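Dropping the structures in below, format is structure tokens.
Two complexes are shown next, each including subunit A; its partner changes from subunit B in the first to subunit C in the second.
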Partner chain A sequence: MKIAVMSCIHGNLAALEAVLKDIEEHSCEQIYCLGDLVGYGPFPNEVVNTIRQLKIPTVQGCWDEDIVEGLNACECSYPSLLAEKRGILAHEWTNNQITPENRQYLSQLPETLKIGNICFVHGSPQSNHEYLLAEMDAFTALERVLASEADVLFCGHTHIPYVRTLDSGQLEVKVSQPDSENNQFLSFTTPLKRIINVGSVGEPRHGRPNATYVIYDTFTEEFELREVAYNYQETCAAIIDVGLPPIFAWRLAKGLEYAEKAEDPTHICER
Partner chain B sequence: MITAISGLPGTGKTHWIREQIAKKSEPVTYFSPQTESFPIDRICLQSEFPDLSILSVGEEEKLFNLAQTNAVYIELPWYLNLAAIDPLLTQLNCYRVALISSTEHKSEWQNWADEMILTHPIEGNKIIEAFKNNQLQIHRGNLTGEVLDFNSLQTFWLELTQGAYGEVVRVKGIFDILDGQYIYGEFIENLTQKDFQPLKFPLCLNGRPTRFSGIEIVGTNLNKQAIADTLGDFCLSDAEVSYYQQQVKQSLSDL
Partner chain C sequence: MWAILSGIEGNLTAFQAVLRDIQTLNIEQLYILGDLVGINPDSEKVVQRIRYPHADELSPQVCRGWWEEQCIILHGLVATGEPTELEVQYGAETAKKLWDSVSSETVKWLAALEFGFVELDCLLIHGSTVSVSEELTPKTSPWQILDRLQRMEVNHLFCGRSGEVFDYELQAGSIATTVTTLDSQHLPQTMTTAQKRLIGVGSVGRKPPKATYTLYNPYTNGVEFRTVYY
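Presenting the complex of A and B:
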């Protein structure tokens, strides 16, 4: 079965519509969404309405969670004072715009979805705030996939697409017991695992404004990273029209993302 | 000898003076009119050459006597009216050096300069055209007393130099940042950009700094309000300044 997986739409309706059109042209049988439907962009309700109308299975992103539960992260979520101020501003604007029905919809989104040997998460199986970066060490990356009990882990959140194959991992664990001087070594191998980060539809961070998503064939295990050009100027104009900071429009046009990722991307806020 | 140096923004006037000072064995004096309230270049030179003597406006009469024993450099900022300062340069019998960034506008300086030096071959036409048409704007933000969040400064710097707040051809600034360091940053259009450099001055770890800090931006269509607002977004509060200073002191005492 050919599926399309997308993430991080961030209220960018023009980008979402372009991706949906591209998905249709590639005859995908099912679409999955990895969350962050809202935040920073000017069309949060329109994006949520579209996802709801199309009944696209969706997991909850960190922005979706924050709109439901309120901003409760410490400053660790932001790499700088400037990013924090901009993030709070975007949160407050989105919070004022979102309808009660859409807030309710966001609140009931699951944190993970599992279809056969495929798992869908926003950040990682442990938290929708955790970044699974392409350069993450192999042991941790493998641990995250194993935690999902899947062979293929789809994620987003970093806004930079990548595919990482963890080939037949050899794991060795040393077990130390306090009352024994003998350490026990356990060794086992894992089957091939794969992490597929689908990038971002509405807030790219790869240096171009184009939307990204992934087409995956569940039978052949072939994947295709898709990059879709769209009329981003339309979204930029809307950002300014609705009163969001003009710098968001400039950053979108440059493919820079509205805010940088946290300084320590593996840190998970425990608040 | 007294040497007067002029040139458009980004041609490397201060850099050229730095190179000359490094070669000198005799004492050196530096004077730069109309920059007293915004002494970025002077502070950079003092960071590298602590013994450099500085003359202030009103002390011009000392220049002639100093020139008997010292090498004297007068840096003329691009916005200075050269005709207005010409009598002083003539009276001091200055050797006049013009730094130019392309060979195309030598004629502009031929009547003024004793020597023309071609510095880095940046694409200078945009600057020259804007200068000729009086379109070059200068925006100065005095940040003395402010302590900045460095990560935010990096984000702002990238946005500024890539055109988020207008077309920028030259930026230079000196900043106090949250770990107490005093740093210098500069941008010249079309040149490889350098990282921020720490200046060789003591860390500021006791309250708000009193030394100068500020940013000078040269370009066209500058959105000065947005620049000022964004800078204001990452100036630390008193409580934050105090918190970070305590952290740095603690880490230094642990060494």
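Presenting the complex of A and C:
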């Protein structure tokens, strides 16, 4: 079955519509969404309404969670104090705009979805705030897939798409216990595992303003990283019109994270 | 040489027996990896004994354990509202006993304890780098054990949550990985991991009449498990 997986729409309706059109042209049988429907962008309700109308199975992203539970992530969610300040502005604006029905919808989204040997999460199986970056240590990446009890782990959150294969994992272990006379020597192996990061529909950071998502064939296990051009200037203008920080429009136009990188992207917020 | 203890659980007799054993050895550092208190009327005395060691005893470095965490939750000193984990595992009656076993002044002292210590290339902690509740044993997935070591970039992780004594050595590891992005496909790479160890330090007070704890020589990486009957 050919599926389309997208994430991080962030209130960007024009980008979502362009991606939905591209998905239709590629005859995908099912769409999945990895959360962050809101935040940064000017059309949070319109985006949530579209996802609801199309009945797209969706997991909860960190922005969706914050709109439901209040802003409770610690400063580790932002790469700098300046980024945090702007993020709080975007949160407050979105919080004022979102309808009760849409807030209720966001509140009931699951943190993970599991379909066969595929797991869908926003950040990682352990936290929707954790960044699974392409350059992450390979053993750490493998542990995240194993923790999901799947062969293929779909995630978003970083806004940069990639596919990472993790193959022929092997560990040699020696266990000594006082109650046991002999040491135990154990060998562990893992079959092929994959992390597929689907990038971002509405706030890409791969260096271009185009929306990104992934098409995956569950039978052949073939994947295609899709990049869809659309009229992003329309969203940039709307960001400024509704009074969101103009830097979000600049960032969308560049397709880049403008601030410095977080020091520890794998840090899990305990709050 | 370091002496590393955990799981006293308010068992003063067991703790004093271990202290006497330590006195016979040439110990430079004493670590207590949590669970000082438990459902035991002597919990308060154990804490006092740790806070105020005798003149000829080492002053221990102490971190927070599972039972300390439950006390702190019970007394409302953390954001978590209900002592759910305690009630699920032991029932509401135990929550009441724990409340009666440890004074609020002592709970405030427990709340200020460190989550763990990093010394040299060692992490000393009650549960794991993820949670005070996480129990790492030889049956834990080796990938998970490696991850918990890597999170703090250490080569040795000493833990006490399970109460078991074991020396779990990750001797070698490798994995092949390839990354494909929108613009390129990187060549396959084989990554390897350095030797790492997880050491279960035992339990002083959980299994009478037998107390177990661990000695570690940071200069030779030698580990010795001690058993004291009381």
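In the analysis below, the second predicted complex is superposed on the first by the 252 of 271 C-alpha atoms of A that agree within 3 Å, B and C clash if a C-alpha of one lies under 4 Å from a C-alpha of the other, contacts with A are read in each partner's own complex, and residues count from 1 in each chain.
To be clear about the criterion, a residue touches a chain if its C-beta (ideal position, glycine included) is under 8 Å from a C-beta of that chain, and two chains touch if they have at least 3 such contacts.
Since this is a predicted model, take the numbers as computed values, not measurements.
> Following the superposition defined at the top, how do subunit B and subunit C come out on subunit A, clash or fit?
Once subunit A is superposed (C-alpha atoms), there is room for both subunit B and subunit C without a clash.
> Quick one: is A:161 in contact with subunit B, with subunit C, with both, or with neither? Answer first, second, both or neither.
second
> Once chain A of both complexes is superposed, is A:246 in touch with subunit B (first), subunit C (second), both, or neither?
After superposition on chain A, A:246 lies in contact with subunit B alone.
> Quick check for you: in the superposed arrangement, does A:101 touch first (subunit B), second (subunit C), both or neither?
A:101 contacts neither subunit B nor subunit C.
> Of the partners subunit B and subunit C, which touch A:149 in the superposed model: first, second, both, neither?
The answer is neither, since A:149 touches no partner chain.
> Nearest 10 degrees is fine: what angle do the Cα centroids of subunit B and subunit C make about that of subunit A?
Angle at the centre of subunit A: 90 degrees.
> Now for A:254: first (subunit B), second (subunit C), both, or neither, which partner does it touch?
So A:254 only meets subunit B here.
> Would you sort A:222 into first (subunit B), second (subunit C), both or neither based on which partner it touches?
So A:222 meets neither subunit B nor subunit C here.
> Which partner, subunit B or subunit C, is in contact with more residues of subunit A?
The partner making contact with more of subunit A's residues is C.
> For A:92 in the superposed arrangement: first (subunit B), second (subunit C), both or neither?
neither
> Which partner does A:83 reach: the first (subunit B), the second (subunit C), both, or neither?
first
> Measuring by CA atoms in the overlay, how small does the subunit B-subunit C distance get, in Å?
After superposing on chain A, subunit B and subunit C come no closer than 14 Å at C-alpha.
> Kindly list the residues of subunit A that each of subunit B and subunit C touches, one partner per complex.
No residue of subunit A touches both subunit B and subunit C.
> Would you tell me which residues of subunit C are touching subunit A in their complex?
79, 130, 138, 141-144, 146-147, 150-151, 164-182, 189, 191, 193, 212, 225, 227
> Spell out the residues on subunit B that touch subunit A in their complex, using ranges where they run on.
149, 151-152, 154-156, 159, 162, 164, 226, 230, 233-234, 236
> How about subunit A: which of its residues touch subunit B in the complex?
Contact set of subunit A toward subunit B: 79-83, 85, 246-247, 250-251, 254, 260, 263.
> With touch defined as at the start, can you tell me which subunit A residues reach subunit C in the complex?
126, 134, 137-143, 146-147, 160-178, 184, 186, 188, 190, 199, 206, 212, 225, 227, 266, 268, 271
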